[in-house]
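To start, the structure itself, in structure tokens.
Labels for the chains are A, B and C, by order of writing; each one numbers its residues from 1.
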Amino acid sequence: MEFTLNQIASLIGGKVEGDGSLKVSHLDKIQEGLPGGISFLSNEKYETYIYSTEATAVIVSETFKPTKPLKTNLIIVKNAYEGFTLLLETYASIIKSEKTGIEEPSYFDKSSTIGNNFYRGAFSYVGKNCEIGESVKIYPNAFIGDNVKIGDETIIHAGVKVYNDTIIGKKCEIHAGAVIGGDGFGFAPVEDGTYKAIPQLGNVVIGDKVSIGSNTTIDCATMGSTVINNGVKIDNLVQIAHNVTIGENTVIASQTGISGSTEIGKNCVIAGQAGIVGHLKIVDGTTIGAKTGIIKNVTNSGQTLFGYIGFDLKEFLKSYSIFKKLPELQDRIKELEKKL
Amino acid sequence: MEFTLNQIASLIGGKVEGDGSLKVSHLDKIQEGLPGGISFLSNEKYETYIYSTEATAVIVSETFKPTKPLKTNLIIVKNAYEGFTLLLETYASIIKSEKTGIEEPSYFDKSSTIGNNFYRGAFSYVGKNCEIGESVKIYPNAFIGDNVKIGDETIIHAGVKVYNDTIIGKKCEIHAGAVIGGDGFGFAPVEDGTYKAIPQLGNVVIGDKVSIGSNTTIDCATMGSTVINNGVKIDNLVQIAHNVTIGENTVIASQTGISGSTEIGKNCVIAGQAGIVGHLKIVDGTTIGAKTGIIKNVTNSGQTLFGYIGFDLKEFLKSYSIFKKLPELQDRIKELEKKL
Amino acid sequence: MEFTLNQIASLIGGKVEGDGSLKVSHLDKIQEGLPGGISFLSNEKYETYIYSTEATAVIVSETFKPTKPLKTNLIIVKNAYEGFTLLLETYASIIKSEKTGIEEPSYFDKSSTIGNNFYRGAFSYVGKNCEIGESVKIYPNAFIGDNVKIGDETIIHAGVKVYNDTIIGKKCEIHAGAVIGGDGFGFAPVEDGTYKAIPQLGNVVIGDKVSIGSNTTIDCATMGSTVINNGVKIDNLVQIAHNVTIGENTVIASQTGISGSTEIGKNCVIAGQAGIVGHLKIVDGTTIGAKTGIIKNVTNSGQTLFGYIGFDLKEFLKSYSIFKKLPELQDRIKELEKKL
């Protein structure tokens, strides 16, 4: 599809500086801009590229003042990043095919209901007594067990597995291969050295606008619910154990693991490969760095924790910089001992 | 479903203190007990809740002596935790729907056999020459390759993938999305900088009463077998590489990885996100902490190892506490140097 | 199947020392060799086993000179390991069943095309406008979205999920449960504390002879492509984020995570559970140890990096050996302070 710069400016509420009748047909990174493409400049680190880019146009913020001559055309908006995101969204809604209807064969138990405007892909499965809202998309090979509720406009991607009794809110997106509601890892030791499985009778409850990444696993509660609140964003290959609660708008990056019964507050940011042991409380607004291990409650909001056993980021980095010089430090101690 | 306290007491071999004719219909945590609910008190940390809980009844051990007046009714058993687990199990066996029969379409090669009382979900696949025991449940979208053997009463959850030649014992439970028997990661370097795949001709052999978590991956052996012995419990997103052996009743928590040809003993406990390099032997009864890296054989039974490169837990914690104070230590050395 | 030693010698270009008419039917490790089996001796660490093995024959390099009497027969080749690998490959091509044809039901949109000699398993799904080459195998329950291209002789195992617009080269093998092309983890913070999803409009482009492990996830680019170049080998449960580039013949072991927009060079080796933050460049020929965190560009080729925040392997090990002795070091400082 092609659009003129004037059309794009009108769409994102900007004004053209240059030839508004020129047409663009693709979105480019500014450093890889090609004729017919449109880019954006938000981060000043990339300013140098705007003078050399071959993109037909670049979206810039109104604060941008060129310091050299430009070959490209500009679309000036209040905030270039937001303008570009709006353009992206519009573009996405045009190119992302709107799947609807039923592909056969698919399986849908007759005790279950689904709202209008749905998509049920081939080989998708919906068990008994499910209540599925409007405009829900269930991609091929997805499995929805019994007694599951899914809110309006939620997307269940290919091969997602949702166990019985799970409740999923509105406008969620669950990516391919994620498993929601598998048994919690609960085993009671028996005297003969074996373990007995503790029945896992709870469920998973997911709020609205939650995003869950590919192949992530969220276990059901032993009793009660594992709770993922509104607006939580979870990346790929994350493990959420039984009875965990994740507060609103918390973001969890890939390969992080959260052990049983831990409560994570609201608006936390947890980077990749972090690990949090069980039965902890992490206060709202906590930032946990990549690969960080958390073994104690976090009670003061606004901290950034980092390290193998996490503590204050800056202090960790200071200690680690000395760790790197430990051989030298040891030599200095030897030297002192010799002198004394 | 509703049960009277007398019925429950009789089921778990206890006696009622209070009104045995009262009815309960749900299982609650003691701190969240509601009228019509039954809880248990096992860990004394929670004793305070028994005086305020609104649960209709609480299961307690015979050693429990209330120190304040109680509003709730008691069911007294020898061991409250065991009593409650028994109740859980009974409850689970009632509410967990017993799937049986065939949902269509499903695929079952006619050269394969399956015992009585099975469940084969829609879109489940069973390849050639498989021998599947009695009362096996194969959930929707599960894939069983060729020449696979599965013992009685094993449950294969939705979307599990089992490669050719795998052998699975009795009473196992394999959770959704797990992959059993994928190729080991074996590549031989070639002079031109590329790698050539080494054919992976072995299989995976899984004992009885093994539990495998969601999206866990267990690779087949290059030759011979990757072996998961009886009673092993493996959590979600765990990686078990080719030719690994896991001893009986060993427990492995989420996101741990075990590299090729390593032998883990019996009755080990391995916490989450641990990593064990290849070709090691870990003796029976070893405990490995979360995020711990193991790069050497463990030969003395009963150790608890912890750390980035794991060593004795207590020693690691001592060293780590000094690591946190390294800036101070460095200052003290500077001070000493100045004085001399 | 049985072969005589003479047949095997002729296959792998070797000569028999012993009875060439003897028959073997299985491949054994030398330390587990049984009558009727054939083993190989490549690593001298295992030489001791050749004098006691019960294997009928052992493949040895021409440089091998027995120092004790042998009970087994020898097949002598230039390089025992290569000879055995050749035997493995031949054996594999015989025993690994060549699946072809269509199993029903399966789903294949009529706008898509596929070359000759294909396999499409039951419950496999191919969406719109796909172009699939010759001799491609698509196993049961695999999902291929719209506009996907797959090169000749590529194998897509059971339950793999390939999102729209992905391009996969020739002779690739993608193991069960892997997810290719899921949305990148891109969310823009909004003033009210929530996050807005940034549309992920790019794709994944995979070169030739790439191997991808079970349940690995590779996200699509925000714009442009996430690129996995020719000959890359990726193990199980690896996370590759949006806009990452992996150079030719780089090997990535299990559970490693690579964050957004990072570029990994050619011929790198990345061990298990490593983590690399976003927007970095890692030069060709870099080795990154297990569990290592990389937070800076790597610009000098040939380095081996290791550690929680990775630096030179040998230096890390030196520092870590002193870390273990920190309590002693602290005591020595106290002692010095006392003396002064």
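In this text, a residue touches a chain if its C-beta (ideal position, glycine included) is under 8 Å from a C-beta of that chain, and two chains touch if they have at least 3 such contacts.
Chain-to-protein mapping (UniProt): A, B, C = UDP-3-O-acylglucosamine N-acyltransferase.
Predicted model only: the values in this text are computed from it and were never measured.
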item: Rigid-body rotation angle, chain C and chain A, from Cα fit (steps of 5°); value: 120
item: Equivalent interface positions on chain A and chain B, same or different at half; value: different
item: Centroid spacing, where centroids are CA-atom means, of chain A and chain B in whole angstrom; value: 26
item: Chain A, residues touching no fewer than two other chains; value: 105, 123, 141, 159, 177, 215, 237, 255, 273, 308, 323, 329, 333, 336, 340
item: Complex contact set, residues of chain A against chain B; value: 105, 107, 123, 125, 128, 141, 143, 145-146, 159, 161, 163-164, 177, 179, 182-183, 185, 187-188, 193-199, 201, 215, 217, 219, 223-224, 237, 239, 241, 255, 257, 259, 273, 275, 277, 293, 308-309, 311, 315, 318-319, 322-323, 329, 332-333, 336, 339-340
item: Complex interface listing, chain C residues touching chain B; value: 27-29, 32, 81, 85, 88-89, 91-92, 95-97, 103, 105, 121-123, 139-141, 157-159, 173, 175-177, 209, 211, 213-215, 231, 233, 235-237, 248-249, 251, 253-255, 266-267, 272-273, 290-291, 307-308, 320, 323-327, 329-330, 333, 336-337, 340
